[in-house]
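By letter and in written order, the chains are A, B and C; residue numbering begins at 1 in each of them.
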Amino acid sequence: MSAVPVLETRGLGRRFGGLQAVSDVSFSVPAGQVLGVIGPNGAGKSTFINLVTGHTKPSEGRVLIDGKDLTGARPWVIAQAGVARTFQIVKPFRGMSVRENVAVGILYGSNGTNVMSKALKAAEEVLEEVGMAGLGDRPPGELSVADARRLEFAKALALRPRLLLLDEVMAGLRHTEIEPSLELIRKLKARGITIIVVEHVMKAILAVSDQVLVLHQGKVLTSGDPRDVLSDPRVIEAYLGHRYVKRREGES
Amino acid sequence: MSTLTKMPQQGLISTLRGDRAKRLGPWALGLVALLAALGLQGQLYSGQERTVATIFMFVALAQAWNLIGGFAGYASFGQVVFFGVGGYFTAVAMSHWHFSFWMSLLLSGFVAALFAVIIGIPLLRLKGHYFAIATLGVAEGMREVVTNLTDLTGGGAGITVPTVGNNATTAYLGNDGFYLLFLGLAVLSVIVGGLVARNKFGYALRAINQDEDAAAALGINTTRMKVLTFALSGFITGLVGASYAFQQVTIFPERLFDVDITVLMIIMVVIGGSGTVLGPLLGAVALQFLSEFLRQNFTNLHTFILGAIIIVAVVLLPQGAVNYMREARRTKEFSLLANVRKYRL
Amino acid sequence: MSGFLQATVYGLLQGGLLALVAVGFSLVWGVMNVVNLAHGGFVILGAYVGWEMHEWFGLDPFLGMFVSAAVLFVFGYVLQRFLINLVINGPIFITLLLTFGLDLMIVQGMNLVFSADYRSIKTSYASNSLAFGSVRVPLGRLLAFALAVAITVLLVAVVNRTRTGLSILATGMDRGAARLMGIRARHVYALTFGIAAGLAGMAGAMIGTVGTFNPSAAASFTLMSFVVAVLGGLGNMYGALVGGLVIGLVQAWGGQYLPGTWVNALAFLVLIVVLIFRPTGLVGRAFYAARQEV
């Protein structure tokens, strides 16, 4: 494991008008790890991802990628530095086929190509990998919820990232649909990709994360080993509360 | 990584091969159209020749607008500013600085492109209507600037390009010459459109059009792409404006910065099919032809009928003829009412 | 100094009129996200209705303007209900082109019916002026200004206080939610557009009284509406008042001190500067922020 973490944030914060959406988030992710980020609605999870990927400029603090200060860099600079993300609300290019959607990522990624036919072929491989073989010619508007989320995943993978930020890629999926996504995350991890999973589906976090970070009202509540964190009474109180308990009951 | 099974791979290769035929087909058709246009020239009276030259002019203008408005999705409502800037640069360069037309033409393209970069950097951060209105403001403002720079531009009284005598730097091209010049510009614009449509660049523009955040997240430098596209679009429009200025000999700010020219470009693109290459081509030919027909047969009602046609076209074919045909072929849904259902309240 | 005062007074008076011209435009833009390129056409149409009322029935233009408002309201309601609603969910250049087509028809229609001659609605008193020291205030302009400001303020009150007004605002903020609350969006949109057209018609009748008009003046009123609406922050009706007064003053001062017709470029310069540096307008927060618009 290299000494320089793939991602490090120092005192990262963002204020929207009077609202402090994220404040003083400092942590680092070593290469090859999977970090789970959890927190109730409005805890600042998506803002956090936007801050790291340059979609929102931080009000304070720093973002270091591979030790390089990329605070406030534009999204494409971050993307080309090898950081890919998905969007919580899926953002397909509706006028293109599924294959072309993925090909755009391949064309403009850090080690992109200029040859369209090559990009389309590589896109087909990525689609295969996320379990969307045979859907390449469809318009994204015709995809199921699960496939629309997989397309987000595929577009991010098309960048051949070293760091992958997944913003609720499993939200709204059935249990049978979640398992392949978890399998994919494990496979990507085995390939050495560092992954940050922002998720509401608790089981998913437990199953794949090496470390968990809990955000609450924009601040880091706690972090560490997934099982320790999830049994931390403060976490249960602040976030999981009766909601988690209810869900456990519902599952069994 | 390669986990591809045999079947899809073969399928993919054959689609790629099919793509090659698809890729070359339109160029071949374009070549036929070009030869037809050249052959047509000998058959036309001089009045008809001028009319057809104007059609070519609008093909080039529509293709240029399509780059920024159709592919990138930034509705430039002040596009005529590049036409005006190009036209006035050429008129001023030829009459004050004694440049040849060809030199002025080329420089006009670059001046218009530079102007596009200068206004594009701040304005392309705006979206939707705001961009439309800001560009409109620039065009209207530039008209006033040109009107008031009387020493250079002659102001509202216009400026005349020297075409005869010792001051003429380039002999007037005449109907035949301008026919070929505008045909050349139309061909250039179609080639640029065709290259953009099928290239990496075009995919970036479409991505920006459809979701700018997602495009940026995939590593596309959206700012650079938009400014470059605006510059390219301005370059072509500037060339057309320069040619128009020379053709007209005397030009006035009212005409060279006429907002109607912008709107015509947009209507041609929208009716034909924005974001396609064929669409602006068909739209420009159809609308200019129709407009000329109306002008000759219903002189008084010409604008009125044109307005009605725009309304009907926009309601029934909001995605444009070419996109409608493509979509209809795929879904087997040919009803225009289904179209109306899509955008109505 | 008296030149400055005179220009200031004239600018404020003209600004009030511009506010009434633009307030409907801003309302339609804010509520429906439609930029109505036929707005200037409505203004001039209103002027012709006022003119006809005066010619045929000898109706005083300050009464005739209510007829203009009523006629234009019906016209606007029908247009929105049966035409613009058909494309309201389309991409922006669709609505822009549709209203441009309308503008062509309205302006050319007026050219055919009324000719391109300049006209003015003549009254016995409008050109009389009051003198305050060296500053002269034409009576017609003063009356038009007072009415324009009063009606703009009234509109704000109606929209913010009445059930109908609130349903307009609600529909503008979230059409889906408004529909769930039992608001009929088709009717509300038509009503909004009708109100905008009615106010434009009213402003037109006043403009016809204090100055001259012909069909081709429509375009400049559409452009002025843009400028005023953007300055004020779209959808923000008090903003239209502020925007109108600012533009009125800028133009009056520019006309006083700038050579040639440079003053015409001034409004656009202000427009572009505001768009770049403060796209939500000069006053508070607008309905939509420019850079977040979809």
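Here is the rule we go by: contacts are C-beta pairs under 8 Å (C-beta built on N, C-alpha and C of every residue); 3 or more make two chains touch, one makes a residue touch a chain.
Bear in mind that the values here come from a model prediction, so they are computed numbers and not experimental data.
Highest C-beta contact pair count among chain pairs: B-C. Among the chains present, the centre nearest to the common Cα mean is that of B. If each chain is reduced to the centroid of its CA atoms, subunit A and subunit B end up 41 Å from each other.
With centres defined as mean CA coordinates, subunit C is found 32 Å away from subunit B. Distance between chain centres (mean CA atoms), subunit A to subunit C: 48 Å. In subunit C, no residue touches at least two other chains. Residue positions of subunit B touching 2 or more other chains: none. With touch defined as above, subunit A holds no residue shared between interfaces to two or more other chains. Within the complex, the subunit C residues that touch subunit B are 29, 33, 35, 83, 85-94, 96-98, 100-105, 107-109, 112, 185-186, 189, 219, 223, 226-227, 230, 259-262, 264-265, 268-269, 271-272, 275-276, 279, 290-294. Within the complex, the subunit B residues that touch subunit A are 1-4, 8, 12, 16, 19, 198-200, 203-204, 206-207, 209-211, 213-223, 275. Those residues of subunit A that touch subunit B in the shared complex are 53-55, 74-76, 79-80, 84-85, 87, 91-96, 100, 103-105, 107-110, 112, 114, 116-117, 119-121, 124-125, 128-129, 133-134, 155-156, 158-159.
Across the complex, subunit C is touched by residues 69, 73, 75, 77, 122-123, 125-130, 132-134, 136-138, 140-141, 144-145, 147-148, 150, 155, 259, 263, 266-267, 270, 274, 300-301, 303-304, 306-311, 314-315, 318, 340, 342-345 of subunit B.
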